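Below are two complexes that have subunit A in common, paired first with subunit B and then with subunit C.
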Partner chain A sequence: MRKVTVFVTLKQGVLDPQGKQIQASLNSLGFQEVEEVRVGKYMELTVEDGPNLAVRVHEMCEKLLANPVIEDYRVELEEAEVL
Partner chain B sequence: MKFAVIVFPGSNCDRDMYHAVKEVLHEEADLVWYQNSNLESYDGILLPGGFSYGDYLRSGAIAASSDVMVQVREHAAKGKPVLGVCNGFQILTEAGLLPGSLMRNKTLSFMCHQEELIVDNNETIFTAGYEKGEIVRFPIAHGEGNYFCDQATLATLKANNQIVFSYRNNPNGSTANIAGITNKQGNVLGMMPHPERAVEALLGSADGLMLFQSIVQNWRESSYVTNV
Partner chain C sequence: MRKVTVFVTLKQGVLDPQGKQIQASLNSLGFQEVEEVRVGKYMELTVEDGPNLAVRVHEMCEKLLANPVIEDYRVELEEAEVL
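After this line comes the complex of A and B, so read on.
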């Protein structure tokens, strides 16, 4: 088994009202240096290893884990086998 | 005309939709559970509002990848009517049957009130009974109704007259004030406001009834032509 990490973020140019609100809250807590916050998702998958692992995970992202209309994704495959 | 109201775990406007079609419009309707369903005998498919699968991952994303959507896709490909309201609209965009996506309201808050809509296109099977430019009042009830699409998609929507309803006073930040769009063929309509909650004066507005009547009227005419 391999551990796969998927990061999903909103595309540049897509407004993130939640991020904007978090930024405003950080500013009001005294963290004036924060200019932008973008909220995303982090997912951990444990997947049976195979020759097409990377391709399969990208398919998963395109089909379900991310919405390509509004989101970008990044995949990290851990080298080590998970027992 | 026979309608299927698809019920997902977490749908909560299914009864409203059923009531509108069955008891107000007096047409046939079934509440159809999303599993082990057969949609072949239905003339129209209604995807109701609610919070299918608790909005897990993204609103509508899990429902969009369920087996029943394969049949909805086939039904749509045959040119038969599909109407998705609120969560139903979110499911249609997630399934790729309609372009764009519904995002968190600009204000971040859940909104539940009546809105004025403009009928931008009355040359669809859903809006033929309205006047072009007519103002209608439908309730909205959503936290993620902020329609987003890129500029190229917006240009296509405009060029094909796919924008059917727009908000008079944009409540949620939607691109181009969009409240409802069809696919290019015009037989799949997705909209955030609830026509099924505006079918009797007692509910505050009966403006939504014409939408359902338009679908039925078109179906009668086209099935008459087919059967002659």
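After this line comes the complex of A and C, so read on.
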């Protein structure tokens, strides 16, 4: 069993209204030092190990987890923790 | 200017219906090896540097970015890239 972490972020230049709103809220709460906020998704997958794991995970990102038109993604594979 | 990354994840034991749905969708797309998906948020903040930056960012998390009752958060401070 492997743990896979996927980060999905908006491409540079794509507007991020959610991030903009969080920035405005932080500013109005007294955190004036915040200049920009960009929001992304973070997914932890527990996956059965296989020979093409990295390729399969990239397929998952292209097909479902990210929208390649407006989003970038990054994949990190790590050994599952032994509990 | 510093770049700060905030990861917000659901605490262990808290149900994650969004992750469950993504897992089911991946399974039905042919990715049967996916056993669990947990979804979190990932935020990149661009913040003006100051003496208490780490403390301030933790305050932001407690007040707005995370819900400490059901979510954990993790903060990474890094030097802003020179463009």
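One rule holds in what follows: the second predicted complex is superposed on the first by the 79 of 83 C-alpha atoms of A that agree within 3 Å, B and C clash if a C-alpha of one lies under 4 Å from a C-alpha of the other, contacts with A are read in each partner's own complex, and residues count from 1 in each chain.
One rule holds in what follows: a residue touches a chain if its C-beta (ideal position, glycine included) is under 8 Å from a C-beta of that chain, and two chains touch if they have at least 3 such contacts.
None of the values given here were measured: they were computed from a predicted structure.
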Could you say whether A:P17 touches subunit B, subunit C, both of them, or neither, answering first, second, both or neither? first
Considering only the touch criterion stated at the top, classify A:E35 as touching first (subunit B), second (subunit C), both, or neither. second
After superposing on the shared chain, does subunit C or subunit B touch more subunit A residues? C
Should A:L65 be classified as contacting the first partner (subunit B), the second (subunit C), both, or neither? both
Across the two complexes, find the residues of subunit A that touch subunit B and also touch subunit C. 63-65
Subunit C residues touching subunit A - in the complex, by the definition given at the top: 1, 7-9, 19, 22, 25-26, 29, 31, 33-48, 50, 56, 59-60, 63-65
Spell out the part of subunit A that touches subunit B in their complex, as residue ranges. 14-15, 17-18, 21, 63-65, 67, 69-70
Which residues of subunit B touch subunit A once you look at their complex with the stated criterion? 57-58, 61, 65, 93-94, 99-101, 103-108, 146, 148-150, 173
